[in-house]
């Protein structure tokens, strides 16, 4: 009986100290970043850790979804959006450290089709053809890729006629997957997403001057508990090493 | 307000259609499970129960694979009938059907098991074929439980989200169900609209579950 | 003459049911304690259970023969069953219940005759749940009889009734026996019922038939009705 009591108290003590130790361990930065940055950011984060920096944990998704989560109090240290609109939303609500906000990257819009598709798109107007039944893009009302795509098609006078073909998706990667699986004939994604996928090909690249200006603002979230560490990582993201990685993946450095 | 009504009617219609699809399959299956022993029965029972236990998006992913244009069923339909499932209203009905199927079979089975096999046996000795026994004895006595089961499955279909959003998306006017639209409104920051849909969803769920419970309390007549 | 013969082998929970007999009397009784396999025997003869080995013949017609791979479906055996709990259809009224088994074309037993013998004419439109114990009993008999069975099996039909009611119903059974002359297999654990109705009785214990003979001879010692 005494043996059992000793054993129990030993286990409890062990568990408690393990819990305490884990909370006292090194800083873990939570970065909420746009889905299109998934692969590049992961690589940069790994590099940072290897170079002796803090551990970085990512939450990738549609910038609109992430912004909403931060609004509801999700514990984020950094926010990287795929458009200024979502960052403005949080900034206005006082949820970002405005002084830290910096737009580091840009991207290009492309129209992708399944790799073996015979579809030819020489201009966005070709999307009107019967061969294109459905076009995937992020939800045009909130997800940046959708917002950009809609703005572009509006500027070309095509949106009204194409709207019925649009399949809104959760985020840019879902739009990509829809094309990869042949469930839509074409989709709007960022050039960087198209480069990553082996199952799609770029049918048309929206020229930089022709389309909307894609911009990725980076900022430290106001509610962060790791201010110094967050600023440090943000600085790193703007460093030559990090930007070089982004360029490798096809992002344009501003 | 217009949009809201469209969403509500579309959801009700899709759920109803999904019931029409799964009832003719679920009832014979429930009977086989309730009354007969056969090889592989436990495996079939487990497979039927899977959508009930698996994360809905996981089920949705499987459906995406099978019903997509490159999938087993999807490619067949696309090639021979120029018919697509994914991202159309058919995907909504499919998702609702698959996700509420386990609940339906389960409820139907319980309803059928509630009918005394001795009654069925005596009916047989009176010269009735198994089919006649089913329609004149089993079904009438299980009717309340069956309706309760359908109502419950219908309620489940009304609230389905995970698989639906994956294979049907949220195409305004085409595949917007109550649950999926609520999610979108939250994304858009239109909380008022979202709460309106939530209130509607709760009302439907409340009525459906209450009705199902009330029917389930069949009056047992002792003979 | 042999009304029917049955050879049944069926493994049960604690012992196998192993019975072989020929019924040479109109009403054959089966007597035994509960759990001795009586109900399983009845279900096997009706076709509601599939014995491992069986050979059942009714008036020269082969109902089941395991060796030849024959096993007629219950609905084809023409054997009426009145189970212990009567199994009246609760969702149908009396008339619908008793007419359930009537075959189109050749009703050899007429509704009027039954109604007269069993005195159920006034009960026809009533729902089952409104009937008394005795009334339900008679309705169950009527239902089985109207299907014109070649063999009628009654499984402890009076066990749930009080003594006075039992006496009353026994008179109906005697009427049925004498009026319709259908071979019956009557299961009971009450020696008095068996003595009144049956011309022969089989005594069962643990799945086997251990005695057969005239009820009077076998139950000589059971003359006092304390049970």
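Letters A, B and C mark the chains in the order given here, with residues in each chain numbered from 1 onward.
Basically, a contact is a pair of C-beta atoms (placed from the backbone, for glycine too) under 8 Å apart; a residue touches a chain by one contact, two chains touch by 3 or more.
Since we're looking at a predicted model, the values are computed, not measured.
Colleague: So which chains are sitting against subunit B and subunit C at once?
Modeller: none
Colleague: Based on mean C-alpha positions, which chain is nearest the centroid of every protein C-alpha shown?
Modeller: B
Colleague: Taking the mean of the CA coordinates per chain, how far is subunit B from subunit C in Å?
Modeller: Each chain's C-alpha centroid was found; their separation is 45 Å.
Colleague: Any idea how many Å lie between the Cα centroids of subunit A and subunit C?
Modeller: Measuring from centre to centre gives 79 Å for this pair.
Colleague: Can you check how far apart subunit A and subunit B are, centre to centre, with Cα atoms defining each centre and the answer in Å?
Modeller: Roughly 36 Å, centre to centre.
Colleague: Inside the complex, what are the residues of subunit B that reach subunit A?
Modeller: 64, 68-70, 84, 86-87, 165, 169-172, 184, 186-189
Colleague: Where on subunit A is subunit B touching in the complex?
Modeller: Interface residues on the subunit A side: 62, 64-65, 68, 89, 133-134, 139, 141-142, 166-170, 178, 181-184.
Colleague: Give the list of subunit B residues in touch with subunit C in this complex.
Modeller: The contact residues of subunit B facing subunit C are 116, 118-119, 121-129, 136-137, 140-141, 221-223.
Colleague: Under the stated contact criterion, what part of subunit C meets subunit B in this complex?
Modeller: Per the stated touch rule, the residues are 43, 46-48, 73-75, 77-81, 83, 85-91, 100-101, 103, 128-129, 136, 143-144, 147, 149.
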